[in-house]
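Structure incoming, see below.
Order of writing sets the labels: A, B and C. Residues in every chain begin at 1.
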Amino acid sequence: MDDYLIGVLSNIGVISFVALSAYLLLLTGEISFGQQAFFAIGAYAAGIATALWGWSLAAALVWGAAVSGAAALLVGVPTLRLHGLYFAIATLAFAEMVRILFELFRYQISIDGELIGPNGTDGFRNIRYIFDHNIDAFQFLLLIYSLLAAAMLGLLLLERSRLGVIFRMIGQDETLAELQGIPVARRKVLAAGIAGTLAGIGGGLYAHLTTYVEPRIFDIMLGVHSLAYGLIGGLGTAFGPLLGVLIDIGLLESIRALAGYRMIIFGGLVALLLIVRPRGLLDEMVVHKIGRGWRRVSLWARRSSLKPRGNSA
Amino acid sequence: MIDLVQNTLDGVMIGSSYGLLALGFTLIFGVMRRLDLAYGPSIMIGGYFGTVLYLYYGAGPLAVASAVVLGAVIAGIYVERLCFAPMKAGAAIASMVSSFAIWMQLEQAAILVLPRHTYPFPPLATVAPLEFGPFLVRVDHLIMLVCALALAAAVHLALYHTRFGLALRAIIGSPVAAHLVGINVRTAVLLTFAGASAVGGAAGFLVLAVDQQVTPMFGMWATLKGLIAMMIGGLGSVPGAVVGGLLLGIVEVNSQWYFGPQIRDLVAYVVLFAFLVVRPRGLLGRAPEPAMPPKA
Amino acid sequence: MLDISDLVTAYGKIDALKGVSLQVETGKITCLLGPNGAGKTTLMMTIAGLLHPRRGSIRLAGTELVGLSPARIVAHGIALVPENRLVFPQMSVRENLLAGAYQRNDKVSIDADLKRMYALFPRLNERTEQLAGTLSGGEQQMLAVARALMSRPRVLLMDEPSLGLAPLVVTEIFNIVRDLNRDGTTIFLVEQNAHMALQVAHRFLLMEQGRITFRGMPGQLAEDEVVQRAYLGTRRAAG
């Protein structure tokens, strides 16, 4: 596999985490323009762990996920009472606050005579863990996708589980859910925490993939993009946001010839798509139909395999 | 103390254009109950119309202002037709994401046509600042303040003393009931978009003329300022938009003076976040209903 | 005056109206009764043009209304007093009334009508500049009725005018309904309060689960049976 393709796929994998993060919140009915904040926190935390404290990658990723998850829980509480647009703008404000705080954040340690660490607007360079430990691009790609697969598995199981149903119920009608005895507030904070953790894992991976992060990357554009991926790919399944990322970044790279016009075309296409499919390509209807079709096929398969095979014994 | 007053003075003047931006934003939100993320970029397109007129035809400030307003209105109508008009009632998030897609589209279109990072804008005034005792007032700031207040007054007049304004306030009050009294809501919404874009265009012209330049980043900047001012002042409140803008201006100029530009932006967001957590209705807005806006 | 035939309106895959046919006679008060979820509000919204039926026709004095925008339907002479009143909360009583006359330009007669409304609804007269959102439930109901009347409709539609109102206020409202009709207004009224509705109705219909199950005059059905069916629906026989 050539390096270019590995690079694109790695990018897709990492960004998928933020897309899934926004998607999870969307399931509970809340729009977030701010998941990039947890992506950033995960990136910086994991980067600091390996580059400054000498931790292993695994420990660093867990640390990054934990810090961003905790941050998400912390911010989830005061914003509980907010809904819809108010919540969305609060997430935007929060994310921008985080970004600016990283612009002011300096934490540098001298290692082998070199100053390593986050340096405000200059960013955080030399997150060289994978190079120092001879992990090649392909191996890292495998790591990204194993973690992504695990996350997807978790999400798909969640969607089928009681908790997943509860999340969707809250998304449809909070008051009704409350009346059913569901502790809505606690569940929403839980969703926020999980979403933050997801974004944090992605951030940790991102920091090590690119070896360099700066606050500018974690801007509103990233946040709204993350939300958009779910809307484009479809809100009916966790594969939806992945599809969205694939379409955007995949399209981005494949239409090199139209590089200068990419956003013009893509923007127009997205707008048109949303007119006919306001909940994305793989929306709840499509997923339901696929599920029905699948059940029919597996039923047919089972029936044919149970047919008596002529005269045996 | 003198610094504080000087900053507050400057803040009020800069804030007046934030107020105009918020005004346009709030009018759109009032009739649509949805956020138009392409609002700032539409104004930026207007700005590019203006700079072309200035750069290649040497037009004066009034002509440039008209071009900015015209460009903003055209872009605004484009956004309304593509992102809002065709959407069904429950597709609020789809509209917002669609407007975001068009934001990106408009930004790239602008960069393609005019690829440099910055383009010049005619100044509002070239005379020396006025002195009032220890305080300095830039003449272009003063013009901006006067124009912004005049425009806000005009919007108020239109809203409260014209038939169209009545229709607009009816739609803001209850879209269903507006249909029932025979208001053509779709047309009214389109016209509101055009009007709000025009107001935004005027605000944009004032800011760009004071800045004497336009950049493709102006779109996001305008959207953010309008959004923050609108939320602080109160979602859906016309006087709130103006008050929010002024307050934002005062807070920003003082923060920048005492703490620098990064802290200035940080403080703006902290104030916004604080308002949302403590008093989401803002200064003059109505208390948010539990289920507003409708979820996707 | 209003001739509805075989109206089918759906929400997604579910038919809320399963082929409704009825007539509203000129100059009379026609009442539609039925339990919650029967489709009464859906019917009202469809007539007013807020919902599009899948098939069927709605004719007002011969003119087909299906497919027209709500604004055009108002222009033809239908005015709906919606469920939950839906006054414009941040506008004054006077402005609400003026909004009701939105499609008219004859300033002189609009002013005359304004005065007429104040005479008809004295409680509104005391509060012309008060914001509608601060009025009591009964006052908002009166405002909603008056607002609908400002368009001088040929048919006045009313969706559950007694909803959430105290009994005394309900009586007041129905007295007004009777007075309006005496002055010549054709009224089509949807209600759950069968008792009050039967007092004023010239004709009444029962709607259950999207279908009309009875049409006739008050007295043709024992009141308790009407009340029972209006609140609970008919118990279905086996099958």
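The definition used in the following text is that a residue touches a chain if its C-beta (ideal position, glycine included) is under 8 Å from a C-beta of that chain, and two chains touch if they have at least 3 such contacts.
Please read all numbers here as calculations on a predicted model, not as lab measurements.
Chemist: Find the most central chain, measuring centrality by the gap between its CA centroid and the centroid of all protein CA atoms shown.
Modeler: B
Chemist: Going by the touch criterion at the top, tell me which pair is linked by more C-beta contacts: B-C or A-B.
Modeler: A-B
Chemist: Could you work out which chain's C-alpha centre is the most distant one from the centre of subunit B?
Modeler: Relative to subunit B, the chain whose C-alpha centre sits farthest away is C.
Chemist: Round to the nearest whole Å and give the separation of the Cα centres of subunit A and subunit C.
Modeler: Roughly 50 Å separates the two chain centres.
Chemist: Between subunit B and subunit C, tell me the centre distance in angstrom, where each centre is the average of that chain's C-alpha atoms.
Modeler: Those two chain centres are 41 Å apart.
Chemist: Starting from the mean Cα coordinates of subunit A and subunit B, work out the distance between those two points in Å.
Modeler: Chain centroid spacing, subunit A to subunit B, equals 32 Å.
Chemist: Given the complex with subunit B, which residues does subunit A contribute to the contact?
Modeler: Listed in rising order, the residues are 26, 29, 31, 78-79, 81-86, 88-90, 92-94, 96-97, 100-101, 103-104, 171, 174-175, 220, 224, 227-228, 231-232, 235, 260-264, 266-268, 270-272, 274-275, 278-279.
Chemist: Which positions of subunit C touch subunit B when the two form their complex?
Modeler: It comes out as residues 48-50, 69-71, 74-75, 79-80, 82, 86-91, 95, 98-100, 102-103, 147-148, 151.
Chemist: For subunit B, which residues are in contact with subunit C within the complex?
Modeler: 163, 166-167, 169-170, 172-174, 176-186, 286
Chemist: Flag every residue of subunit B that touches subunit A in the complex, lowest number first.
Modeler: Subunit B residues touching subunit A: 35, 37, 82-83, 86-88, 90-98, 100-105, 107-109, 112, 220, 224, 227-228, 231, 235, 262, 265-266, 269-270, 272-273, 276-277, 280, 288, 290-296.
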